[in-house]
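Got some structures for you, see below.
Look at the two complexes coming up: chain A is in both, with chain B in one and chain C in the other.
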Partner chain A sequence: MGDLSLDAIYKDFPSHRVVDGISLTIPQGCFYSLLGPSGCGKTTTLRMIGGFDEPDRGTIQLGGRTLNGLRPYQRPVTTVFQNYALFPHLTAAENIAFGLERKRDPDAASKVKAALDLVQLTAKADRLPAQMSGGERQRTALARALVVEPELLLLDEPLSALDPKLRKQMRLELKELQARIGITFLFITHDQEEALSLSDQIAVMHKGRLEQIGTPQQIYLQPATRFVAGFLGPVNWVGDVGVRPEATRISREAPGPGARALEATVNSSIFLGDCLQVETRTPAGDHIIAQIAHGLGEFRRGDHVHVWWRTDDEMALPQ
Partner chain B sequence: MRQRLLPLYVLSVYAFLHVPLLILCAFSFNSSRFTLWEGFSFVWYRAMWNDAALAEATWNSLLIAVASTVIATAVGTLAAYGLWKKNARLLSGSLYLSLVTPEIITGIALLATFQWAFRYFHLQLGMHTVILAHVTFSIAYVLLVVMARLRTADPALEEAALDLGATEWQAFRLVTLPMLRPGIAAAALLAFTVSFDDYVITSLVAGVDSETLPMMLYAMARRGANPVVSAISTVILVALGALILASERLQKS
Partner chain C sequence: MSRLRALFLLPAWAFTLLLFLGPLLIIVVYSLETKGVYGGVVPPWTLENYARLLDPLYGVILLRSFLMAAVSTLGCIVLAFPLAYYIARSGRRKTLLLNLVMLPFWTSFLVRTYAWMFLLRDTGLINSALLAAGLITEPLPLLYNDGAVIVGLIYGYLPFAVLPLYSNLERLDKSLLEAAADLGARPWQTLLHIVLPLTAPGLRAAGVLVFIPCLGAYLTPDLLGGGKSMMIGNLVQNQFTSARDWPFGSALSLALMAIVMLLLWALLRRDGGEML
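Entry: the complex of A and B
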């Protein structure tokens, strides 16, 4: 057991560099997310940790032991694959037993039972993957990877194949599970909401490089780059300054001192259920969007308004 | 109007395809030697059963078909696996070349190869050359069927097996092979049928001791209408038909 550390990892594909000098340390027991758009190199990074690809340069260590050059079956690391990769000819219980049987574990039967219980699949133990729902398959894949007691669990967008409602539920279950068993989870996702809600630490990746590492709060509230700011959520940009729509206020009268205010004209006003989204345009041509609670006034196209925010909420990120 | 014409059209297509076969079957049960119905009889089936040369040819055909099927299925399956693993598109595509090569050309090429090889080895044409030839053309069929199955397979399955502690060999044996089993069985059945009914290539590379059933039937048919030929043909049709149906069902599962 111990921390996972990547030191200056590079990986080239024939056409381009996929991973461009990544270094990071994941503390033991951490729920760590690699967040980035598709093609940013996060899946390749995960595959190098799992042993499915080898880095061209750089070292991967787990608890001080170098993993480079070890085959996947020699690494104390398991993976929950994007489409689960359950063995179609084996039942849920047999899928979960697969890893234990490779190790000739004498307690395989009781461990499979406990794993089924952990993911609440005891009633579905004899089902084949084709006879299971998306959520059940996901839980089987999770149990199959956890039952061999890895030091590190890799999760490759494990929620992306589920429908939105189930995805939110599984998110909670995943977080709870990790807290209960306490091993390190490395979670790969392109969904910023997922990363924010699950992680202790997030590393944002872009074009093979790390843009920022931090807690969800740091990443969201103090983004290090314009890319991070924009990837984590919508931003109103005014010159070198950005502000989130939910921190942006709108009123007919000019605000008091201590706020940065702009005059603007309302373009549209859209009811989003939990808030009202008012899109405005300043004389300088900047689009400013304000998300405000209901009951803070009604705005129509053509209305002259003031948009403003507290300077504390500003993100100063030069272009 | 169209609704009435369509069944009629289908019926005529099926008739065009199958009436000759039905006529052949019917006359195998005719008590007369000639193509004139005289009465129902098993006399030609009895004659077929008692014909020693025919039995030997059938035995040869079965032996060749089984041997070439076993070899072609094993080699072809592993080759398909290799092509899939390496994602070798060009090599996979070139398989179609061996399927569209006219049989007579494949046969002549094989014969030329054997004769060239015999200059250096003290060997002759015989069962072994027929089996080798059949392996050659069966492999392409096996490859195509197994590749079709592999194309729908998730490459992450083997990675998942490795991830859970299986070695490469265990991943192949415990995950890929069971997944491919229906495809392999279908490929073997197909290889068996193409071997069993091959005439052109076989007749070119066969030796004196390796006359097969299609070769014998051809020789018999050349000597004029023979109800024994009809009887054998009927038996072959039923047997191969059953095999093809089995192969189809396996491919679907």
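Entry: the complex of A and C
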């Protein structure tokens, strides 16, 4: 057991460089997310840690032991694949037992039972993958990867195949599970909400490089680059300064001191259920969106207003 | 609509009834008559041709045929599996490689079997090369034995094993192999526990497609076995040619057909009709 560290990892595909000098350390027991748009190199990074691809340069170490050159079956790392990759001819219990049987584990039967229990699938133990729901398949894949007691679990967008409602529920279960068993999770996702809500640490990737590493709060509130700021959520840009719509206020009177204010005209006002989204335009031509609570006034197209925010909420990110 | 469908199906039905069931019916009738002096059949009706099938002499030939066909089928599958696996994993060259597998079909089977004779005979390519290299002092007896027949059968029916295995392996999800390795399976364990079970339909199809024509083969044992290595196909052929015993030949071929159908039926029953 120990930390996972990547040191200056490079990987080229015939047409382009997919991973361009990634270095990071994942502390043991951490729920760590690699967040980025599709094609940013996050899946390739995961595949190199799992042993399915080899880096062209750089070293991968787990607890001080170098993983480079080891085959997937020699690494103390398992994976929950994006499509789950459950063996279609084996039942849930047989899928979960697969890894234990390869190791001739004498306690296989009781471990499978415990794993089924852990993911609440005991009643579905004898179902084939084709007879299971998406959520059940996901849990089977999770149990199959965890039952062999890896030092590190890789999760390749494991929630993306589920419908939105189930996705939110599984997100909670996943977080709870990781806290309970305490092994390191490396979670790959392109969904910023997923990454923010699950992770202890997030590394944001873009075009094969790391843009920023930090806690969800750091990444969201103090983004290091414009890309990170924009990828984690909508931003109002005024020159070199950005501010999130939910930190933007709107009023008919000018605000007091300590705030940065702009005059603007309301373009549209949309009811979003949990808030009101007011889109405005400044004389300089900047679009400023404010998300405000209900009851803070009504705004109609053409209204002259003041949009403002506390300077503490500003993100200074030169172009 | 249904009338139009019937109209379009008519040629196929007519073809099947006239040219497939017709000859079969003739064979059934022949098998129940008595042999003519110069071939052909004459009355009276008799069941004696079927009684003769019980002669142990023919049982031995039937058993030999089964053995030869089984060994050839096994050989075909053992050779075809890695080849099909390789083709299924070779990206853009798939089409080229598949066409190469089919290439032999462009020439007649007879010509290709004669080519094997040129390779295997005492003064053939292989023996000449070995003699010239000084590796042997006398030609090896490569032709006119069971080995030559099995080599010829494997060669002839290899494509029939490659194609169903290829189509099965091509559909095999690569992430399943990665998942197996990820969970600690070595390559041979992945082959045994994941690849083979998931390609069982292809293996069965390949087995049936090779075994049945091998069992009835007569050209290959005739040419490469040199008459010394008789299979049931040769026995049937002899009845219609040199022995001039059409009724017995008919009874033999019907018996062979019955055995094959019984085997297929048993196989299908076990797999719940999944294969076809």
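Here is the rule we use: the second predicted complex is superposed on the first by the 319 of 319 C-alpha atoms of A that agree within 3 Å, B and C clash if a C-alpha of one lies under 4 Å from a C-alpha of the other, contacts with A are read in each partner's own complex, and residues count from 1 in each chain.
Just so we're on the same page, a residue touches a chain if its C-beta (ideal position, glycine included) is under 8 Å from a C-beta of that chain, and two chains touch if they have at least 3 such contacts.
Please read all numbers here as calculations on a predicted model, not as lab measurements.
With chain A as the common reference, the superposed partners chain B and chain C clash.
Of the two partner chains placed by superposition, A:W237 touches none, neither chain B nor chain C.
Shared-chain residue A:R71: touches chain B and chain C both.
Within the superposed three-chain model, A:Y10 lies out of touch with both chain B and chain C [touch as defined at top].
Across the superposed pair, chain B and chain C both touch chain A at residues 50-52, 71-73, 77-79, 81, 83, 85-89, 98-99, 102-103, 144-145, 148. Contact residues on chain C toward chain A in their complex (touch as defined above): 173, 175-176, 178-186, 189, 193-194, 197-198. Residues of chain A that touch chain B in their complex: 50-52, 71-73, 77-79, 81-83, 85-89, 98-99, 102-103, 144-145, 148. Residues 50-52, 71-73, 77-79, 81, 83, 85-89, 98-99, 102-103, 144-145, 148 of chain A touch chain C in their complex.
By the touch criterion stated above, chain B contacts chain A in their complex at residues 154, 156-157, 159-167, 170, 174-175, 178-179.
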